[in-house]
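What follows is a pair of complexes built around chain A, which joins chain B in one and chain C in the other.
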Partner chain A sequence: MVTFGWPEAFFIVRAAGWTLLLTAVAFLIGGLMGGVLAILRLSRIKLLRRLAAGYILVIQSIPVLMVLFMSYYGLSLFGVELPPFFAASASLAIYVSAYLAEIWRGSIESVPFQQWEASASLAHSPAQTYRYVILPQAIRISLPPTVGFLVQLVKNTSIVSVVGFVELSRAGQLVNNATFQPFQIFTLVAAIYFAICFPLSRLSRHLEKVMNASRPH
Partner chain B sequence: MRYQFQFEAVFAEADRILNGVLLTIGLSFGAIVLGLALAVLLVAAKSLFGRWVGMLVDAYVELMRNTPFLVQLFMMFFGLPLIGIRMSGTEAALLAMTLNLGAYATEIIRAGVDSIHRSQIEAGLSLAMTKRQVFQYVVLMPALARVWPALSSQFVLMLLASSICSFISVPELSGTAAIIEQNTFRSFETYIVVTLIYLALALSLKVSLLWLGRRIFPRLSSLDRLDAKAEAA
Partner chain C sequence: MPAVLIEDVHKSYGSLEVLKGVSLAVEPGQVVALIGRSGSGKSTLLRCINGLEAFQSGRIEVAGHAVDQDQKRLRELRKDVGIVFQSYNLFPHLTVGQNIMLSPRITKNVPQAEALALAKDVLAQVGLSDKFDSYPDNLSGGQQQRVAIARSLAMKPKVMLFDEVTSALDPELTGEVLLVMEKLARDGMTMLLVTHEMNFARTVANTTVFMHQGKIWESGSSAQLFAEPQTPELRNFVGAGRH
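Here is the complex of A and B:
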């Protein structure tokens, strides 16, 4: 009978690395997609606005688990046998893109419209307006909610264990199946998630305070 | 190779799907009602009792908000029986959902309560309202009205997160999907149907909560106007 000891604990801690890697990859790809979606959402062309809004609404209204299953089984229909890591990061990226697009759209919209006019009056092109006037301000505004969302992402990586990818919670499950000491094991797993998420939550709150310092209350 | 979609096999299991939908709705509704009640109690406890209670509530909220729902679910389902608390999967799911939603709702309602100005409470007390009346009519209801949109989206997120309960074999909507998939081998069709049902459920919940908010908090819009006036002044 295997008991929960150092090798098992080490196995779980090492799996946390996969959780972090998955978070990073999903955040990078999802962030790129989300940025494009946010700008489409604010486009002058109605069709583009509608399409982006529709995508965001749908993805935000279905469970991440379903996105995962759909991409996992959907891709295998076309004969694409992706390793679990790719299927997992692809579906997490889709999930991330919808939420970040909404957060960033809000941030861009909260830059006063006079800034757009001022930029236009300096003969900036739309791209220049975004690059030099809007984005530098919008990014400051978007930092606290973006870091806050990162916490959600770290936690949601836990569900990709269902396609057989061994990250932190899957490692916990595997060790539990062998040793059946759920209390110790899942306490360790929860503690590792907490050690990742809590500092991020505090950072988000800190940024919120710093960014709102000028606002009267 | 062209894939032949076969939805008939999935639709043949309509009864099972309906039961799954009902369990998903039941779990979500139960978690929303119980979680909201828990959150109101915790916020009240935090403002009525001393620092220690407040710190305990904060610890609970931070613990829940910074660990995955899946791990909380495993704790309830695998961990609690070891200390003698035996539960079925569905009960463990409802408990985990309630505790999870309770933590988020506590944080949201606390923000609403913080936005109520001290002078409002003093005004209430000077009108000879009891402490309880002040808490209910001056603090809680206006606070809830202000944070209702945030609460609503948290409720929708909980509905979506209820799909994770299938990990401990709860036969709610996504658990049902897993069963149908095993019976029919039509994985993609099953998940298309189930995803569309989730979409319909989430959108209906969103609309109902919007409607409910207007019904329970008729002063919601007038409150906003007051805020706007205060900011302009």
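Here is the complex of A and C:
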């Protein structure tokens, strides 16, 4: 029987790298999609607003796990075999996009409407208004909740183990299956999650304080 | 040709008719004050002139542009028509200098060096040369409003609209803003301003227009209008202001 030692610990730490990579890819792709969705959600065109709202509603109303199953097993029904990393990042990106879209829509909406009017009155186009006036303010407002959501994402990446992708949680399980030393192993796994999430939580808290301190009016 | 021509404009919000057939002409270089009770439609009229609000019928022409809801044409119009609001609405993430340079840069492709010179020039006009690198939050209300005026001036407008620009200010800060506007008027700017400062209307505006219930109730040369109000509503309004 194998005992829990350096090679096993190293295996777990390396899997944490996959957790980070998965988080980063899902966050970047989901963020891009979420940004577009947020703006569609606020579009002047009703159809676009409806479509974006519908997508967000559907994704927020089903567990990420189901999105993952659908993209992994569902597509394989049609003979499309997605590599686990791809299925995992795609599902997480879809999940991220719906949540970030809502966080960012809220941030955009919390920029006072007078800023839109002032910008339009200075002959700016809607795109220029977004780029130079609204988004710089909205991004500041959105930073604390966005970083807060990133913490949730890091932890939620653990669900992708169900399609056989070995990230931090799954690596812990695998090592435990071989060594039966769950306490040590999952303490290490938890400690790694903590080491990633704690600084992010602090950052989110800090940003919130900075924002509150510098909020005009 | 008048700088602002308003013909029989009707505007409703749902079933509430706010402008009930307003006609008004402002000649180039003229200063026209709009006075009247809260809710009489003064702001709505100004906002129709630069297309922030659509109106149902009638015609508005300003600085040679017909007002409609075509966004591209509205942008051309707004390059020639500045508006200053009660709540300043400076962009809080930009410095004073950046607030002023932004629009000439992005809407008229004015080169950076030229925009810089322009910004310094308009800031000097409003007496705030030393605030170029300040953020709006660090300025008093009066200073912010003067920056807002400078920001509009940097677009070299042919017509300026002012909507109660001193109403949010403490009395001791009102004067500095009115002074800037008076100087603008003397320099020949065409101005249409909503104000509660009756003294300012009487002494600076060539014409004063009294609005009541969505109509132009009474108008005329400022001196005469204040000295001999013709309608009981205006007498009442001016009288109430004296106490």
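The criterion applied here is as follows: the second predicted complex is superposed on the first by the 213 of 217 C-alpha atoms of A that agree within 3 Å, B and C clash if a C-alpha of one lies under 4 Å from a C-alpha of the other, contacts with A are read in each partner's own complex, and residues count from 1 in each chain.
The rule is short, and it goes like this: a residue touches a chain if its C-beta (ideal position, glycine included) is under 8 Å from a C-beta of that chain, and two chains touch if they have at least 3 such contacts.
In this text the structure is predicted, and so the values were computed from the model without any measurement.
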Three-chain arrangement built on chain A, chain B and chain C clash or fit: fit
More chain A residues in contact - chain B or chain C: B
Which of chain B and chain C A:64 touches, first, second, both or neither: first
Contacts of A:10 with chain B and chain C, given as first, second, both or neither: neither
Touched partner set for A:140, first chain B, second chain C, both or neither: second
Contacts of A:132 with chain B and chain C, given as first, second, both or neither: second
After the two structures are overlaid on chain A, angle v-u-w for chain B, chain A, chain C in degrees (C-alpha centres, nearest 10): 100
Contacts of A:124 with chain B and chain C, given as first, second, both or neither: second
Partner chain in contact with A:151 - chain B first, chain C second, else both or neither: first
Overlay on shared chain A, then closest C-alpha pair between chain B and chain C (Å): 14
Chain C residues touching chain A - in the complex, by the definition given at the top: 50, 52, 71, 75-76, 78-79, 82-83, 85, 87, 89-93, 102-103, 106-107, 136-137, 151-152, 155
Complex contact set, residues of chain B against chain A: 1, 3, 62-63, 65-72, 74-75, 78-79, 82-83, 156, 160-164, 166-167, 174, 177, 187-188, 191-192, 194-195, 198-199, 202-203, 206
Contacting residues of chain A [partner chain C, same complex]: 114-115, 117-126, 128, 132-133, 136-137, 140, 214, 216
Chain B-facing residues of chain A, complex: 58, 61-66, 69-70, 73-74, 77-79, 151, 154-156, 158-159, 161-162, 169, 172-173, 176, 182-183, 186-187, 189-190, 193-194, 197-198, 201
